[in-house]
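The structure appears right after this line, and notes come after that.
Lettered A, B, C and D in written order, each chain numbered from 1.
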Amino acid sequence: MLLAQVIVGGLLLGAIYALFSSGLTLIWGMMNFINFAHGEFVMLGMYVALLVVVWLGGGPATFGFAAAFALFVLGVIVYASLIRHVMRGPMLAQILSTFGLALLLRYTAFWIFSANFVSLPQVSLSGTLNVGGILMPVPQLVAGVAAIALTLGLHLLLTRTTVGSQLLAVAEDRNAAMLMGIRPDRMQALAWGLAAGSAGIAGALMAVSYPWSPSVGETFGLTAFVVVTLGGFGSVPGAMYAGLIIGLIQALSAYWLGPIYKDIVVYALFAALLWLRPQGLMGKA
Amino acid sequence: MKWSLPALAALLLFYPFILTGPFYWDIGVAFLLAAISASAWNIVGGYAGQVSVGHSMFFGVGAYTPLLFYHLWGLPPVAGVPAGMLVSLALAVAIGMPTFRLQGHYFSMATIAVAELIRIFVGTWDLVGAAIGLQGPAVGRAWWDLTFRSELPYYYIFLAVLAVVLYTTFEVERSRFGYYLRAIKAGERAARSLGVPVRATKLKALMLSAVFTSVAGSLYSIKTGFIDPESGFGILVSVQMVIVAALGGAATLFGPLIGALLLVPLQTATNTWFGGGGSGLTYILYGGIIVLLARFEPGGMHEWWQHVAPRLMRRSHAA
Amino acid sequence: MRTASATMAAALAAAAILMSCPPADAAGTVKIGILWPLTGNAAAAGQASKAAAEVAADIVNNKHPELADLPLAATEGLPNQGGAKLELTFVDHQGNPSLAQQLATRLITQDAVHVLLGAYQSSCSFTATAVAERYGIPFMVGESAALNITGRGFKWVFRSTPIASDYAATYMRFFDDLKKEGKKIASIAVVNENTDYGTSVADSIEVAAKKNNLPVAIRIPYSASSTDVTAQVLQLKEKQPDVVIFISYTSDSILYMKAMKNLDYMPPMVIGDDTGFSDPSFIPAVADIAQGAMNRSAWDIGKPGSTTYKINEMYKAKTGRDLDDTSGRNMQGFLVLADALNRAGSTEPEKIRDALAKTDLKPEQLMMGYNGVKFDATGQNTLASTYLIQLRDKQYQLVWPEKAATTKLDWPMKGWKQ
Amino acid sequence: MLLSAQNISKAFGSFLAVRGADLAVAEGEIIGLIGPNGAGKSTFFNCLAGDTVPTTGRVLFDGIDVTRASAEAHARAGIGRTFQVPATFEDMTVLENVMVGAFLRHHHRGAARETALRIVEMTGLTRQSAQRARSLGTPGRKRLEIARVLATGPRLMLLDEALAGLTPTELQQAIALVRRIHELGITLVIVEHIMEVIMTLAQRVLVFNQGHVIAHGKPREVVANEAVIEAYLGRGHRRRRREAS
């Protein structure tokens, strides 16, 4: 029973990993671009949620959408003002730009909100569900289910809609897409919006059960990198499986080996995979 | 402009007499360390175009071994330097073999992950001090402990190492190896078609880079007299190397030096002016400047100067 | 190549401009250089301590007859130094040991400070104190857990705060008292974050428990950046210890309390080892589910009208929050320094050092609950001690040791069961 | 035979790009490969250059099996190639580009530089030798690619549309250059669209269509071949004529 409990906990966390990594993988797959500020997008999503709850008294649905919307806008702004100009420059300039952006966002949040830890006031989500002896805290359960639903939604958006196929067309071949009458700039701005928006909503979902401060983005960013690399570049389903697997491995190794080993196990697995299947679980060779 | 290289050498040589006092010497040492690390990184990250964001793994190994030798066997820290170089070399081979089969950003991501793995692992390993870290001799037992009261000896030791690294880079740049690195960066497929052994050359570059980075780490820990997982293997250590090199101009001999010359004083100045206030303004400025540079001068200051200098020259001739 | 060196010449010029920052020097002041992490992961603690130090400087520099118990409060400035005021220079070492070293050098050689205070993270205290030792400038460690910051043969380093072994001894005495009352303490569990702080304290507790024949049922080191602690709580649930001691930072402390409620696990008692449990964010986040949780603290706000209460009011006016133990201990370190500076009657380092070595403050002269301040040969305060406090409603109440207690201990804890 | 490719097939997934192609090249020959776009000639070409490992069949160079050898091993053995889309090293100068090739046979910078200078002169790039490759136009880059390969000291050169997109004058110069290379004793395999080039230069021609070699022989004979006219020249010729007019 305890084991089942551990597994459920790991999967619920993994679902969130999946959601906030899918944005990173989208950018990576579409534009071959590493966004080092992705963790900061998650962090900002958390603060948006806080502001909505504290100022407007919003509930989980409200602050989720607010975070998604606010970060969508930020993502588009970042694309239009910065990424568009560096994406075809040297790779180093790309790394520098988003790393600088990460520092800028992190410490702007630091300036505005101070270094203190905050947590979301107890909102309507609380309590614990008992399913056959397995205890599931409602906030985590809702967050986990919502995260999976959103990740799947993003996947469907990419594979089943016109907008999605246009996005993928741009990713595939920019010039060909242009000839087909697609405007790559718009599509890429949209991709950044979607990526940041999904990070924002993931942040809002995390905020329900996790206290944070402005430096939280660094941890999230690193986790997202591992998830994305494990899942395969540009693959949203890959990110989803990898997120769930990593959540599960962390929980199990924390339980069996001790919590300090959980990251070692994840990274060691990552290193092993690098040797055996460098393109990631779902990545193309 | 013929005077500029000797002038520069003289300036670095006499800097401690121009700006005197331990604090300025310490900044000088910090500048040299940043320049050494970034120059070491530049060999693989700049010339070969294999952007490692995990070079802290070599820096950390180099930083740990000297203090470990002291901690375990009471040996002078300097004795651990070659061991660090060897371990870094082995690590470079272990990382390079699988990852150099891949292209593009995979290498960057893989290096981040491996550096993180090592950081977390060292943080739980009691033999190397786990999370608390290791200390060097608080007071030097003899000169060979290299524990000086003044920053001045460190300045000249670091300067000598920088000279070695730069001279090596200079030689590499002119040699077949250097041409091959640049060819690989420009296009692996074309390089291969001309008989360039791509993987072996990349691996060789990583190994050379790793050894120098390891030495930089050793210098750091011997001078600081302390090392812990974060200051040895933290991601900021890696990122600093990338930023310094990119800022000055990657794949150029003096780019990392220029980058360090801009960045270290910038960090010191923003920290001096705004650090005490504690509002985070240091990083807002720092981050902002990096973003602006990447946006408007993606080739680094070196390239910027190449655009600007001729125009300035023309203007001064016209005047 | 030529352009490169010309660029460098230009860059050098820019560098020289950037670095020229002349130190200010005012007459009739005594300068204290303070090194804390004001940005980075430990920024919250550094920022809070900075505010506390500013309050302490206000107490020393201005007349505060209402705080007459504290040395130097009633008077203006340092009477023995002709009323000289304290001037504080804060620097931000960002949690970087090398930067701490450089900044200590700067404070000593550029800003010409007379004494140093710092540096929160043990790693930074290690390197910064070594600089002070080299230059012969007194360094007060207000709060750093690692044992061997003192005891390295340094002459110039003093530490006013209790250290890991003191905390461990405190817990053991507390358990002995409980056993005498007939409460069952058959085994304990130690859960510690795995950096220098958590490791040092947990190691000390394990050693002390062994000496006292108290079984440690399980020790769980973990990383403070964990986003999920389910596994740890389930491990505790399996072992059923009588007391769980958490040596944790902020977010993880809150996560533990929430996870324990979610997994319906409540041991007879939870003791937080300060830090996370003392963070001002802790109580608002978990007050309704962690009733009766205990915390180690040498700080107690006390009753309205008391000296500590007034200090807390000053701090609250400045920051909007209650003073916490970490900042309080840093503030106490500052006040001990001020007292020694006054007695030295001079800004000569040797004289200050001697005055520090002769420090003998009584409990009533302190804002923190130490038994006094008196340094041994290594510079460690031998009278440092701590209270245990317990969460009641939305505030901690002092419950141990009994002679200082304001409220009776509630055993076992209630948690979320009101 | 200097180069002999036997029964080469290459599959990408279920798509067979090359189906059982054979080619034998004697020392000193110039062979032309033609065929419509997507006929499989580029894939076949890549198999010869060691860029792609064929699914079946083998490639012998000077009697040694090089089927699975890497591209760099091909270069070392003496097989040089150019790319359809020029892959010059953009940030390096023209001379440096050629030096990368020259370093294959010369370890020392001085010797490599000497060879490179000689080849730069021979290929008519002397005036641009200090410019970065990115500053050259397409004809210049194609020429630079040839120079670079030449510097590796090849016995066999594989030219992938190295003469496409040139003006008539440039074309004449390029043809002259290929002749000169041939005079040095280097064997050539040329993939080309421009019939004029093939007709003037090639001693034998292979025609590809849908992965098969459909014709093989002297240029004149091949042009007269029914299947070739049907598959390729018929349509291609008319279209090209229209474009020219």
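One rule holds in what follows: a residue touches a chain if its C-beta (ideal position, glycine included) is under 8 Å from a C-beta of that chain, and two chains touch if they have at least 3 such contacts.
Because the structure is a prediction, the values reported are computed rather than measured.
> Can you name the chains that touch subunit A as well as subunit B?
Chains that touch both subunit A and subunit B, as defined above, are C.
> Count how many hops through touching chains it takes, at the least, to reach subunit D starting from subunit C.
Minimum number of steps from subunit C to subunit D: 2.
> If you tally the C-beta contacts for B-C and for A-C, which one comes out higher?
By number of C-beta pairs in contact, B-C is the larger.
> By mean C-alpha coordinates, which chain is most distant from subunit A?
If we average the C-alpha coordinates per chain, D ends up farthest from subunit A.
> Please identify the chain lying most centrally, where each chain is represented by the average of its Cα atoms.
B
> Determine the centre-to-centre distance between subunit A and subunit D, using the mean Cα coordinates as centres, and give it in whole Å.
Once rounded, the distance between the two centres reads 48 Å.
> If you average the Cα atoms of subunit A and of subunit C to get two centres, how far apart are those centres in Å?
Each chain's C-alpha centroid was found; their separation is 36 Å.
> As a quick test, compute the distance in whole Å between the mean CA positions of subunit B and subunit D.
43
> Show the residues in subunit D shared as contacts by 2 or more other chains, in ascending order.
Not one residue of subunit D touches more than one other chain, so the list is empty.
> Can you list the residues of subunit A that touch 2 or more other chains?
107, 110, 115, 260, 263
> Would you please write down the residue numbers of subunit C that are in contact with two or more other chains?
Correct list: 39, 43, 46-47, 194, 221, 223.
> Using the definition of touching given at the top, classify the network of chains in this structure as line, ring, star, complete or other.
other
> Any two chains that touch count here, so list every such pair.
A-B, A-C, B-C, B-D
> What does subunit B use to touch subunit D in their complex?
By the definition above, subunit B touches subunit D via 174-176, 179-180, 182-183, 185-187, 189-198.
> With touch defined as at the start, can you tell me which subunit D residues reach subunit B in the complex?
Contacts found on subunit D: 49, 51, 70-72, 74-76, 80-81, 83, 87-92, 96, 99-101, 103-104, 107-109, 112, 148-149, 152.
> Residues of subunit A touching subunit C in their complex?
Its residues touching subunit C are 2, 5-6, 9-10, 13, 107, 110, 114-119, 121-122, 128, 135, 137, 140, 206, 209-213, 215-216, 219, 247, 250-252, 254-255, 258-260, 262-263.
> Show me the residue ranges of subunit C that touch subunit B in the complex, using the header's touch definition.
Within the complex, subunit C contacts subunit B at residues 1-12, 14-16, 18-19, 21, 38-39, 43, 46-47, 50, 89-92, 94-99, 101-103, 105-106, 108-110, 122-123, 126-127, 130, 133-134, 146, 148, 152-154, 194-196, 198-200, 221, 223.
> Give every residue of subunit C touching subunit A within the complex, in rising order.
Of all residues in subunit C, those touching subunit A are 39-41, 43-44, 46-47, 194, 220-223, 225-232, 234-235, 237-238, 250-251, 254-255, 258, 261-264, 279-281, 284-285, 288.
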